[in-house]
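Take a look at this one; I'll ask things after.
All chains are identified by letter, namely A, B, C and D, in their written order; residue positions are counted from 1 within each chain.
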């Protein structure tokens, strides 16, 4: 059986490093799985009053997440934490109460930043949210793509050898964990 | 000199407990300060590409934050962390690089939830972001309004005696800290 | 095959609530597993210079941990985090480099406190350390035994019905996760 | 009035990088303050039953902390968090209940590691404990001395120019914060 991983970049920026990293991940995915990239650009700011009439882009996102066997987050770091925009998608898709699309999904995470730490703090903050939805995280390897401006070529390819190995290993471990948990 | 505290509820919901708690705080504010409530309902989802042409609601929010002497967050908890919608406002108002409206502001935080923990995890996650902007946090008291449905009356008044004392103490400490730092 | 879970209370106090909770867990363990309680009372304060000549109580602890299939932490909360004494055992048993006894073990955690939060913050802090050792955590249920003084009888039995169910579920989930990962 | 800062290295190792960094800090301290280095090498593993008869090294440490106007932690990172041995000192000196030596002290933190992150995660975890004791943290700059093996000379001097500037700035900010709060 082929697995589907829903891949989510935490940035909407056109030239986002994290979106490039997610696209690289698509190519490093093991043959037993494929990565579908979630387009959440139309998801509005969350307002609990709108739950009674869920916005169409949220419903679409929830359907795609629910259909997936596992989740891959590729996150920038804003203010030493998860981007609010990405967290907003996580919040919407966990609602309404009792209909949480993330529930129980195996999950992996990585991130890229121009600075030294490769979104370490954002990833720590993101891990904290997994407990809420009983999402089983891949624990190793951690993928912190620091100094990312030097690690992609002009066409947006991820050229960092060590980074490519880590992404490959992370995806292999996500697939293996998913298979064991589904098994 | 009178101080201005910008008060920010993390919820857009009309009947939000946290907005009610913020409104209660307005009345418990010491005479040396007043709380202005930030309306961020028009702030869109952050997209780095829009920084070149900052949305008007973001510019307005930034101006109000910048004009304030201190910040008060009143936050719900979603997915064991800060609401993405609130974090989205924090992210926008910290941008563009070098023009961070939060920079150096003294800050206090509190929150209300129907459950037992009174947004403890959201507040821990929110504290993590303060370091980014060199925001000096009030360390005591912590205000976790758990079981909040029992603590407001039909008109939305915050009726919990112990809670009112804590809010009053928190605001007094925020004002005192701000005065000491401004010197 | 029967599984062995190494059970670790974070308190050395004779009448420790957490040790009582751990002893209760022994009785709620599913038949496919048994819990061995780690005695770490002789483990000294960590000093890197002593790694060349590892103290005997550390070697014994490491052997017991290594022999176990999974780990159960039962932790108090000190200073809003993991007890230093417990973290000291974690540190010792992760050393020397390349010989980490925790490596890859499935892990569950719970805790008891006289206050309201049942060691929530300590458990969050403890989860953070699991990533270092690639320890796969049980994500659900969370077991926060608040107001613990009312939940044990004079003989030290854990009498809280809801709490007993949660402990039973946690152990069942730890055993199931371990079987899937070993599988 | 001259201020006293109690300086605490998180490592007992003789050649500890963090102890070297603390000793460097002594020399970069502004003239309005001096740093006393805490010797906690005799502090035993915490056991609540021993509170009735507090060990002499704990009482001595508590006296020194209490006599200080501010605290400086220089911490390694073990298992992605604060060393248990250091946290053990924090725990002891916060006890017994009602007699917490850390209470209300302004505090700064820094750390050194051979790896890339300079104890970032340990510092985040340590910050979490400050809220318990109402310790007002210096928010800026953060001092993460990564790749520390290259930043000290054979005699143990801290030779990294940028790092020396950051340590100097951190201490100046700790002194300024302390003066404002004592004011």
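In the analysis below, contacts are C-beta pairs under 8 Å (C-beta built on N, C-alpha and C of every residue); 3 or more make two chains touch, one makes a residue touch a chain.
Small disclaimer: the values here were computed from a predicted structure and weren't measured.
**Student:** Which chain has its C-alpha centre farthest away from the C-alpha centre of chain A?
**Tutor:** Farthest by centroid: D.
**Student:** Chain B-chain C contact: same residues or different, taking over half shared as same?
**Tutor:** The interface is built from the same residue numbers on each side, given that over half of them are used by both copies.
**Student:** CA centre of chain A versus CA centre of chain C: separation in Å?
**Tutor:** Spacing between the chain centres: roughly 30 Å.
**Student:** Would you mind pulling out the distance in Å between where the CA atoms of chain B average out and where those of chain C do?
**Tutor:** The separation of the two C-alpha centroids amounts to 36 Å.
**Student:** Express in whole angstrom the distance between the two chain centres, defined as the mean CA positions of chain C and chain D.
**Tutor:** 28
**Student:** Check each residue of chain C and list the ones that touch at least two other chains.
**Tutor:** 121, 124, 128, 131
**Student:** Show me the residue ranges of chain A that touch chain D in the complex, using the header's touch definition.
**Tutor:** 116-117, 120-121, 124, 146
**Student:** Touching chain C in the complex: which residues of chain A?
**Tutor:** 124, 127-128, 130-131, 134-137, 139-140, 142, 180-181, 183
**Student:** What residues on chain A touch chain B, complex-wise?
**Tutor:** 11-14, 16, 41, 43-49, 78-91, 94, 121, 125, 128-129, 131-133
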